[in-house]
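Each of the next two complexes has subunit A plus one other chain: subunit B in the first, subunit C in the second.
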Partner chain A sequence: MNIYVCVKHVPDSAATITVEGDNAINEKITWLMNPYDEHALTEAARIKAAGKAVEIVAVCLGKPAAENTLRSAMAMGADRSILIETDQYHDSIITARALAAAIRKDGTPWIIFTGKESIDSEGMQTQFRLAQHLGLPVATNVIKINADSGGVTVECEREAGTIDVYRMAAPCVVGAGKGLNNPNYPTFPDIVRSRKKPVKRIDLAEQAIDRPAAGMQIRELVPAVEQRTPKALAGSAADIAAQIVDILKNEAKVI
Partner chain B sequence: MTKKYDAIIIGAGVIGAPIAYELSKMGYKTMSVDKLPDAGEGSTAGSCAIVRAHYSTEDGVAFAYEGFKYWLDWENYLDHVKDEKGLAKFMNTGSLLIKSQGHKWQNVKKHYDAVGVQYKELTNEEILEMIPVLDLHEFWPVKRPEDPAFWEDPTKMLEGGLFCPEGGYVNDPALSAHNIMRAAEAKGATFMFNAEVVNIRAAEGKVQGITLADGTEIDAPVVVNCAGPHSFKVNQMAPGVWEGCNIKTKALRHEVMYCPAPEDYDYLNKGYHQSDGDIGCYVRPEVGNMYLIGSEDPECDPQEWVDPDEFYAGKGGHGRDNQLSEEQWKAQCYRLGRRVPTLQVPNQPKGVVDLYDCSDDWIPVYDKSDLGGFYMAVGTSGNQYKNAPVVGRMMAELIDACEKGLDHDKEPFQYKMKYTGRTLDVGFFSRKREINYNSSFSVNG
Partner chain C sequence: MQPIGLLIEFKGGQIKPANFGMATAARAENRQLVALVVDTPANDAKAALEAYGVTRVVNIRTDSNGWNPAVHAAAVVAAMQENGITTLIGLTSPTGRELLPRVAARLDAPLVMDCIDIDLDAHRVKTSQYSGKTIATISMTGSHFIYGMRANVVAPEEAPAAAEVIDFPFAADQGSGFEVIETRTDGSGSQHLAESDIIISGGRGLKNAENFKLLFDCARHLNAAVGASRVAVDNGWVPYAMQVGQTGVKVNPKVYMAVGISGSIQHFAGMKTAKTVIAINTDAKAAIMANCDYFVVGDLFDILPALEKALASVKR
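What follows is the complex of A and B.
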């Protein structure tokens, strides 16, 4: 009855990203745990604290530096972690196969958490591919979860204002959404304890992964330049308010 | 057509604005120029705006204590000027100096007594009554998380602290400079923004005026360098000035972190400014119940001296540009995490990276120069925000005395402080001084 939390080591959303060559970024920036994975870990720790799970295992496919994210995961409640080491970027097809192989080999999953997406590639696919490989049910953008011995009831936020409620048999895969909880960040004593927790390193090349028939490659990375065209509005407060309404209605078309 | 003024002030931050204000009050027709779009938008905006009295020298303590009186009486100081942006607010939280090996607190206590600073000596138990979230073990010496010794368990306890009830911080440092600008304008001062100085013109050993990037020439017999982290570049533009300084300035990169206070501790409304040399940090409350965590520049931390233009353009790479670094985020938050064991440290760094205009001995240079009519209020080293209104008055009086014939290098100007009544030998801040080894060589001053 383990909870597995799949985490990703991603660039800080506040970092200045510079493209190097055709399809890489300068990696000398701050990297950290994908923010949605923080919600997953917080929820996993809450479920474990309620006495419902034996162990929380964080799993990550990444370069050796991704150990930092696993250390953060263990400070936030994971008992141990597995780093599937690689030296390159992988798409969600390989990622899901690697995570599935590592989890299958490690133990018996009860709930497998992922974030609902990663903030770098924003693919929103890994949780579904992972579930498919393991033959498990999956729900994503989960904002509420109730786990019992029979299974898991989740609330998933769809478009604004719409919530789906699902009942899934365990084991299952859950993609954590932002509304799930407030991340429970570690205190200094948590961090001290996490330093003694083990990280098991396995090599991606040595995993028994079926070669997929399809794959996705980054051919070219181009910086997105936001066009900002500020415009000063003149007139009385009432005039300006009327102009703003007109812009929102007719230019931006948001009201 | 060349415009003529009595004095040009380069920089409209919290040091330049009060000099313009005080000179205007004395009848000088002043022109302040700043390369940014508004007052206080440069390194002033990145200041933690701490108002505390503990400095390593008696004059330093007296100077800072004089400054308290201005912040406590802000509206009067501004002569009740209206600012459309509102007024900056002095948050009088009180200021706690933890007794530690990281501060020469015994000297501070002696200086407090000599100057008459109000303070109370606190035991650990009294500190815990005020701030129940603290762990008062001694963690000295300051270390980095990369050092295995950082993680060792402490064995000794601290020995209390000195609490100064009049201390605190200013809630919006950029706004405070803006307030002073409005007060100066009410006395006739002029401010010009988006105006970058590219040349200081001089003839026959006297300053003539400045030239801006767009070619505009402005003339004045007095030019004052208050360019903050760009101060050394401005000094280098003025013939003979840089060479004539024994104490030089340069720009030091500095990171300040925002970390949420523990949920059950109302730090914003019940917390204090705290200087904690034992962990090499100072903290003060910030909106959102945050701890604002500054570094006291412990020896184990890297010092990154950078080119200010490259820095503000985001160049220089990791640890040298204007982005927070993960290593320093962890260093400062984990250090505070030892002192506040319930502090939760987010994974994503949040805070401010800006520059100190730092002098060789971390004591500012408030002085004339080897070029007639050229003055400088530079090298404020991250520790002069609180003194700025006093600096404004002192510099204005120094400039006026020198323009009336005083040879400040031979007979240093004596500045009489309005509130404490003490006289300060302005020669203490001379560009010609030898390095002052009584300095803390840190932001503590």
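What follows is the complex of A and C.
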């Protein structure tokens, strides 16, 4: 019973993003594992520690530099990893096909984890497409999981104060949410051990992936402009309150 | 006439107002607006939808006995096929985040969530990427097109029409391996952040969970939602679902009040499209103070009670 964890190599959330050309970014910045994927790995490691899984395999579609994210994944508990190499940016339609093909070829999944979304393209959909290709049930923004050999019972946070409880037969796809756990960041010995774990590189071009008729292409990328001119509100607390009410009423017109 | 499917959402028995902005954005002379209503009595909704130009209401009735995203998505796909709909628009709401990707996956169709601009003829949209630091223009190709709109990007405008109501019963396939055990609500999510016109968020300056009451007291008078920064969530003062920011909810309100929030890049990622930003902070050098519309250098524990009092006495 393998657990697969799909991870993505993304720019650090604090990095400065500069646009290059029409639709690309300067990639000479800090890149990290997508934060939601850290929750997925931590949960996979917890399930394995409870004696329920045989092996944890991290899978990533990305450029050669994405190996760093796979090393992090192995430091956080993955036993080995698969890097589906490409030199281009791909949409979630291709990504899901690539991940599905790699997993199908590698072994028999029990649980396939992803993060609930990636913080770079913010597409919120790869886990659903992956599940569709593999014919599996899927739940997203999972904040609690109880796994047994037959499947998983998950709690998903749909919105503030609303939790859905689903039962999914194994194998299944689980999109990890932030509330799932506190990520288990690796120690130095974990990092050393991860260097000896295997990364299998496969070329995206050599995968048996059907050419999709559909796609999403980034035509243009521009920096988001932020231009606000702050004005000070001053006076006593009551004066300030009155000014805020005035703004709400006459400027924003929400009262 | 090209039929455009609108995935309609309800809250407390009423259509969510953001749906009317969606209908307004989709309307054009050569298009027919088809409202898809899932497992909600559509009769009450008919008049409201007609006011915004909807001419057909498809009343989807599934056998799922309540919320079931897998069944509801399958039913929406079936209803689209039955009505010749190849373009579907929904909200990037909690429901939309569940249903739209499931619909897109079933149809192997392109989907862009959180669109801030939509060109239905060119299949071209704008959305933010890299935590709101860039705006991407994305063109979609395929036989079906699915769009998740950010709430409140288009103001609703009425355009009265007459609509027919069509019943669409749907029986789910058995053995999908996906089963709803229960849905629990604790009543705290009375206003969903992403669709709120007014949001009052608290951060480190609130100091503890109890002090969030000051925000809720003000919010009540405004029918506003209360949000929080990551610090407030990580400290366990409020639940994660209230977090505004890169790894939280992305919001687009008319007014965003940041109270005791310094304004990290990651927080801005979640609220930078707000129309008016009002910041209250004791630190005049906090990042939020330099990138807002109005700022108050002051103690939130003085200002919030005064604001609550002022709001309580506003005549409306």
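Criterion: the second predicted complex is superposed on the first by the 240 of 255 C-alpha atoms of A that agree within 3 Å, B and C clash if a C-alpha of one lies under 4 Å from a C-alpha of the other, contacts with A are read in each partner's own complex, and residues count from 1 in each chain.
By our rule, contacts are C-beta pairs under 8 Å (C-beta built on N, C-alpha and C of every residue); 3 or more make two chains touch, one makes a residue touch a chain.
The shown structure was predicted, so the numbers you read here are calculated from the model rather than taken from an experiment.
Contact with subunit C, but none with subunit B, is seen for A:217 once the two complexes are overlaid on the shared chain. Contacts of A:249 after superposition on the shared chain: subunit C is touched, whereas subunit B is not. Of the two partner chains placed by the overlay, neither subunit B nor subunit C lies in contact with A:43. After superposition on the shared chain, subunit A has more residues touched by C, the comparison being subunit B against subunit C. Of the two partner chains placed by superposition, subunit B and subunit C are both touched by A:13.
Of the two partner chains, both subunit B and subunit C are touched by A:35.
Within the superposed three-chain model, A:79 lies out of touch with both subunit B and subunit C [touch as defined at top].
In the superposed model, A:153 makes contact with subunit C only, not with subunit B. In the superposition on chain A, the residues of subunit A contacted by subunit B and by subunit C overlap at 13-14, 16, 35.
Interface residues of subunit A, counted against subunit C in their complex, comprise 11, 13-14, 16-17, 19, 23, 25, 35-36, 91, 93, 96, 119-125, 127-129, 131-132, 136-141, 143, 151, 153, 157-169, 172, 177-179, 212-224, 226, 228-234, 236-238, 240-245, 247-249, 251-255. Of all residues in subunit A, those touching subunit B in their complex are 12-16, 28-33, 35, 38, 68, 72, 183-189, 191-192, 195. Considering their complex, residues 151, 314, 317-318, 321, 323-326, 329, 334, 337-338, 341-350 of subunit B touch subunit A. Within the complex, the subunit C residues that touch subunit A are 67, 69-70, 94-95, 97-98, 101-102, 104-106, 108-114, 124, 127-144, 148, 176-190, 192-193, 197-198, 222, 239-243, 246-248, 254-255, 257, 265-266, 268-269, 272, 275-279, 289-298, 302-303, 305-307, 309-311, 314, 316.
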